[in-house]
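What follows is a short report on a single structure.
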């Protein structure tokens, strides 16, 4: 099992490399009768597109999704939904020494050791491009969540030292700047910072924050399929993620129980928590509050500075990566975090249907 | 699927509640021919035992493991290994209002919503006691890793504001203090801090650090079963974990690519990385360096202060939890982090055998 | 994965050998709130017991099941149900040359090649005794099916040349003869035949027929998890089964479409089929008719005649198996067929809940 | 989980309906480094093509397979292999009353009950056309088996009352007649029989026999993933199969142990069985002999006679199916049986690699 499937009931399998015929996903286990068309899925894919300007790779993929199966007369049929995105702008193939030299910060070395060789074109299977297939599949999960009034939203909350101020959170701002930041001031600072980095042929880390609202209590299974455990796998499966936090995350180390415990109260006849340090998950099961997730992305490993590395002949060499690469990963990855969250919730929501017979 | 199994080839299923007949694990897919006996497994279980003194719950479980199947004449047979630990000190049953009142910071509410009721004795299935079964199963994984020269070690690196100094790391110290801290000065400070907290009827968060050495390059599958993704699920499946970090973890947000990328070099004829910001995983695949993991544990939610909460009748009530509870989770959880790491590595090591035919 | 688990949502894992501490099963994914106790499960286990008299192995196992977890105050909690049956009558251990000699018709040779050695005591993991754990787990599945008005019944329909006459089918007869045959005349003939075989130190094949009534239409998934495909795996996983048939089974080879197609009609306002050649499954999905299954069991391979075989040193030897062995497998296996059917239906019933959101 | 995946390590997911954009398969877990190209796969697909003449449906699909991912420079990369076959001859869409009327012998009714509606074009997901995707995926499995010297061959052994004589088995004959029969005399009789049936607007059942040679001993896991159990699922997952037999199959019911047990002997220094009643599988594990499988296919349910049935409004109606349909399923299904066998063997061969560490 090359690990290309995720989920138990709502099961997503992705395939494809950066430079083959295309990439795609098969979504198995989607309930029948949901409205679904290519336009709906495309909306999400478009959010993953290179943002334009100087800050993201100008490769002009159209990333047009096609539904190849599983939808009939505008509705899901309950059978597998095959989604495909053709690779339209395959470079003609001058990869220089990338076939034989291991890029620092990339999976090249691991692939070569593991499989004996690798598809070195554009990162092959570990290209960020693989995530487009996840976004397409995640859109199907979103359709399920919509039926339950669940929304999932992710944005960039930090780029290097530039951190968004929650008090300035403005959802409209997300479309206005190329960084998916909800804070115009932070976005302006991030822009300046990135320009500086690009002059220095360098890149920066970033943080993505994700919130799921409307998730009912009772989602997630008690032990290994805890909601946070499944989110942990889903979010860490996105390349470049080095930390995942739920609720207060890393800050809990210094917290006291008396402040970290969220009191339950009754508001308008409903059970609520008056705080949400837990990020909506207690004992692996949703508690009815918002699910709060943060993911830390490492800096883009492809930088234009000369780097020390080694090649397949075990010679030490210097490598200068060419081409164009985003200097920061978060802005294009935010929608991927959103989608991995959506898939996880959809799967556990369906499993939850089987928890009781009544 | 109540989510009680983890792993694809090396597959662990746990069962049991705090106060039933016992708890246990079934390990399926362990290769045949490995030496295994109860003493070996017991060594790990003993590390999970209440540390004694004032700092951990004095429930005197013996936690003696029995091997019920899968081992013949001292060797694993390739068939399922059933491990059982009897519950010997079941309290006679005065749980007061815990049957009807939801403890803040616990899964009680989620369980009640999900299943309609719950086994309220001692936390039921979401009791920390369930982890004893994981430790027993993890010991089997350790036996596999030993054959490859892989070691996994975890310790407490922070308790509240008290942080171990890596420069004072002393492995021998781990057995000397009840906190599994490798730094005697930090342990002394932690002791003082915990005493203070206990007077205040409070608890604190903590951090566990885990390292796996000797892991060959090439472990982990490219997409959803990335080594870090699978570790993410495994570590988050431990109750009370709110953040998981690999390598530099959360610090990557502020890092630059030029400093975060680990250069490859040749040392003694072997490929090495001269730094290890990546924590031994690139693109989801091990790179031959040490695997570095950190887990942030929230403060013990069972505190003796009176807390605001709600009961099954949706009445607001005040709850004062009785009994004895550890004021910090990390010291007893360190070995659990170690074991979840070991299971994950063992599974992906076995899967790796199928990556090539030669 | 040593293949000791079956099912997707309702998932059963069995463990144990003939001569270890015991055998057992973990049932994960059982919905919460079902009434369950040891007495209920025991009813099924008792049906698997050696029938007594001369026709089955006189090993006096009590086969008393214990529920170790997952049930609280008489109801399933939604967490894993651990079931254990202790091995009480372990023979003291003179297995003669069975440790080194491969019994014809048994898995001994395969085990030795596969694992390098095997637990040779009483058949080890491939002992018929393993099926007791399945029966215990299957009883839990039966509890689920009961809630839907589904019943599953199996009986012996043939022993060697002696075939039950459907026109003489008498359910009460099943308890009266030691062969689980529903036809008294056939049972009498079978008794005579088996006596003759035992004098000749020989054994015979047999056939088990199973019917599931009350199964609603719509159970089973379209492609690889067709109801008949999943039943195929479940029934063939019982040792000694060499053929599985659904509905008319093997007879369809000679049938014509015009006679094999079952017409749909309306009776009392409901859709019915006026015949049931399909055995209740069309295109892998239940059609609302009775599910009809037949399993062909080979003759007991342990016979007392001297047989030609080979030992671990690759020497040709003659083997005379000692001890006592049933001369026919069907009578004790009927309840196992019933239970594997029940598990399969329970799993697919739960999965079916996720087919639509409304 | 809509059940569209099969296998644990070598995992195949199929997608697609008769009349969408196409059908396809994703093969995950194929080892790296195997030579693979479209021509190789096409060879197998061509065997599934309508045989021509009067005996199979004249729909002129080209069934040209495309490899969309997972192969680089002629070799598998270890990442998912996406295979697609476009649907080129979609009928323009007069399905008459098939949208609302349930064809006897088909899954229509089950689909409607299960999902609320169905893609009624050409059988939708339960069309025989789905098996083309399996054949493409199975070809990849065949590549793996080749490395071990394993061959899998299937043919039609009976059409209605016409049974091939094993003594006249002639492999060359398989390509000469349109029925995939290895016996020219039987093929001639089958032709006469089918002509007669077609005049009567009727169809017939058939039997496919499959043999796998070169399978080493030790393949298959002891309990639920027995080789025969996994074959049982795989073969029953092919539409229209109503019986699966291993070795002597159904004949074992009448057999005696003394004749059914295959003696082990040493020939040329190797362990062999002098007979093969077991069909190469003992206790669920391969024994080094040929694997022998038989599948019974029901008559094509689409016949041109008027049939009694019911429509979605629960009205009794008469249905006359139009179009062209094969009067017998076996000839085109033989290669599918072969391929499901190959996938099963490939998966269990890879799992077998993890049975021991040495």
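To keep things simple, chains are lettered A, B, C and D as they appear, and every chain counts its residues starting from 1.
Operating definition for what follows: a contact is a pair of C-beta atoms (placed from the backbone, for glycine too) under 8 Å apart; a residue touches a chain by one contact, two chains touch by 3 or more.
Note that this is a predicted model, so its numbers are computed, not measured.
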{"item": "Which of A-C and C-D has more C-beta contact pairs", "value": "C-D"}
{"item": "From subunit C, the most remote chain by mean C-alpha position", "value": "A"}
{"item": "Gap in Å, rounded to a whole number, between the CA centres of subunit C and subunit A", "value": "46"}
{"item": "Approximate Å spacing (C-alpha centroids) for the pair subunit B, subunit C", "value": "39"}
{"item": "Geometric centre distance via CA averages, subunit D-subunit C, whole Å", "value": "26"}
{"item": "Of all residues in subunit C, the ones touching two or more other chains", "value": "1-5, 8-9, 14, 29, 32-33, 78-79, 114-116, 125, 222, 351, 355-356, 358"}
{"item": "Residues of subunit C that touch subunit B when the two form their complex", "value": "1-5, 8-11, 13-17, 20-24, 26, 28-30, 32-33, 66-70, 72, 75, 77-82, 84, 114-119, 121, 124-125"}
{"item": "Touching residues on subunit A, where the partner in the complex is subunit B", "value": "1-6, 8, 14, 102, 104-111, 113-116, 125-126, 130, 158, 160-161, 197, 200-207, 216-218, 220-226, 228-237, 239, 241-258, 260-266, 269, 271, 274, 277-279, 282-288, 296-303, 305, 307-310, 314-316, 327, 351-352, 355-356, 358"}
{"item": "Subunit B to subunit D touching residues, read off their complex", "value": "8-9, 29, 31-34, 78-79, 144, 147, 222, 350-351, 353-358"}
